[in-house]
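Input: structures, listed below.
Look at the two complexes coming up: chain A is in both, with chain B in one and chain C in the other.
Moving on to the complex of A and B:
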């Protein structure tokens, strides 16, 4: 069923017939791609993942990130990357990926005796 | 400070008129853009436009505060504030140009209106940074950073729409037809602007026009609509609207003020 949605704001009635699009028209294929946003704050050395947003291209993604994620002076540098280019490890493989490190405490450098007076280690 | 002395000695109110003109432009466009809040085509752009609204309303506040200080010095009993200037003046006392009170229309209308105005405001503040009036120079120095972003954002969108789909291009050109007659007023200097410019307080708008034209050309070129636009604005068919700067507004401003001022008029001195 096509529901016609017509939105008039504050008495501003458009002259043309725009606005009366069938609601089902947007099937998702016209949506902008998703981007992941990384922000570096003033004190920080590294960019931290802060969230994601939609944008048509990289330029717009950076501008959108500026508007969405740095409104309260959170950052001084922005990275964006299209979400589809992020490759992640599979949570189902967690057992084989991470558990083997569990019983190998010798990989931590905690068995060395440090000379007295050595700090910041 | 230069300007204030001049005003007191001549008894003229050109400086407050000039400040109110600058402030009203920012307030009314800020209000128009705020009407999109919650209605933007996509969340990210909704926030972007709302940010621009807040920038503009912030600029208006600084200018109103300064104007209120000057008015209070000459007439302490009036007790003017930024709020009374924004909320208790009538239609005919507003000095904004007609462009900023134009309805939002569709996204292309809103974008093109912002682009026309931000381009103008950018070159205006660029001049006002060097104003002999320190307060105006300081407000402009802060504002121009914001306007630089508004200009980039709206310019990018003009390019996207012009160079996008057939529909987006058609809508952009339609917006152009509707808004173009209101752009002449931006550079049409009224009395308080002429006085302000002569004293080095304001900007000579005639000097901004060519920069404004040049910027439009670059962006329209990139948007792929320059030749169409140039055909539309042939000399001789270029009649322009004006009047807003001297208080003669379109019907739209009344509706804006009705909404903007309702709370203060219905519940005087209410705060939140």
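Moving on to the complex of A and C:
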């Protein structure tokens, strides 16, 4: 028996002939580079990563970030960094990177048991 | 095998999958397809509404509609960016849309004939989209979930502005009331189709559920939508165009009539009222923008070069 199997992902869109194969990065020279956007939403707080966008240069990246990421007063300062300059730790090494912190509970204040009467500490 | 176990373990413990993590090829492909098609839907979705920007009945309505359409562009961007984290270029994703290879939500292949359609789109189409998107805030892929959270925050104004347009019309003249009902009549069934085929006809939804990409089935979401709208329409004093719509005390849900699946497939296959127009508009925009993209890049290169020269000099 020949059964036609279809896959539905976003509601009414069928899977067949629908594109979206991963391909090699063929970043032609006319494609605008990718930038990561960081926004400070209030004076005194850190800039936080909010997303990314394409732009021809830093100035355009900031202008586009303003239009896309601060339409509802989400920010008072924007940083942009071209994505290729971001270096990240390798998730495969997560165990060796972060495990050593696991058994060092003496780094937390709750590790130390002190009498109830003691205040301001 | 080891990697697959780690992946499954993360899903089981509701830990999000991030771009650098190992994931099965099929999971990656499914996401690329789903997120990019979701992005295309946001972008194509600007067209039916854009149709009314210049003809909005007041400055207030015009400003709100402009803001809404601008939001959709932003939503498209968030989703395209999420797609890129899976290893496909923006350019090729857009190429898939323009060549007709990738699909977008069929709802945008229906025309916006009157101003009331803008209200009906906000209430029904955005309402249906929100059902889907609220669910997707908990999807297993981190960048997709984050994009959805951002989108949901912005989307609720869309639905409210749509409902308010209909509410105003529903309290207006006889002609305005008729216009309101007419728009609801035309948009109701296509909105129900937005949730996709019945669960029985969509066997592979299960894989997406297992991967926690999808968290609720098509029929569950559709029922939820019907239940909500059946109550909301009373506020408008309008009718939902379904003679079989009736509260079912036993099920604690509304029963509703049959969806015309023939129409559904027809529109999916490209024979809807506006399929060709929509794609043509997207292609034209892309082609017309070509010189702008090139000029901006040339300018960026030139000014970078200049800067370097002054440094050397």
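By our rule, the second predicted complex is superposed on the first by the 79 of 121 C-alpha atoms of A that agree within 3 Å, B and C clash if a C-alpha of one lies under 4 Å from a C-alpha of the other, contacts with A are read in each partner's own complex, and residues count from 1 in each chain.
Simple rule for what comes next: contacts are C-beta pairs under 8 Å (C-beta built on N, C-alpha and C of every residue); 3 or more make two chains touch, one makes a residue touch a chain.
Every value quoted in this text rests on a predicted model; they were computed, and no experiment measured them.
Chemist: Which of the two, chain B or chain C, is in touch with more residues of chain A?
Modeler: Between chain B and chain C, C touches the greater number of residues in chain A.
Chemist: Give one of first, second, both or neither to describe whether A:68 is in contact with chain B, with chain C, with both, or with none.
Modeler: The answer is both, since A:68 touches chain B and chain C.
Chemist: Between chain B (first) and chain C (second), which does A:34 come into contact with in this model arrangement: first, second, both, or neither?
Modeler: Second partner only, chain C.
Chemist: Touch test for A:90: chain B only (first), chain C only (second), both, or neither?
Modeler: It touches chain C, and chain B stays clear.
Chemist: Once the shared chain is lined up, is A:51 touching chain B (first), chain C (second), both, or neither of them?
Modeler: In the superposition, A:51 touches chain C alone.
Chemist: Which parts of chain A are in contact with chain B and also with chain C?
Modeler: On chain A, the residues that contact chain B in one structure and chain C in the other are 7, 9-12, 14, 18-19, 32, 53-54, 56, 60, 67-68, 71.
Chemist: If we count contacts the way the header does, which residues on chain A are in touch with chain C in the complex?
Modeler: Listed in rising order, the residues are 5-15, 17-23, 25-32, 34, 51-54, 56-57, 60, 67-68, 71-72, 88, 90-92.
Chemist: Show me the residue ranges of chain C that touch chain A in the complex, using the header's touch definition.
Modeler: Its residues touching chain A are 18, 20-22, 28-30, 32-34, 36-38, 41, 67, 70-71, 74, 77-78, 81, 83-84, 86-93, 96-97, 99, 101-107, 128, 132, 146-147, 150, 154, 193-197, 201-205, 207-208, 213-214, 218, 264, 268, 293-294, 296-297, 299-300, 303-304.
Chemist: Enumerate the contact residues on chain A facing chain B in the complex.
Modeler: Interface residues on the chain A side: 7, 9-12, 14, 16, 18-19, 32, 53-56, 59-60, 63-64, 66-68, 71.
Chemist: Spell out the residues on chain B that touch chain A in their complex, using ranges where they run on.
Modeler: 35, 39, 42-45, 47-48, 51, 103-106, 149, 152-153, 156, 160, 171, 174, 255, 259
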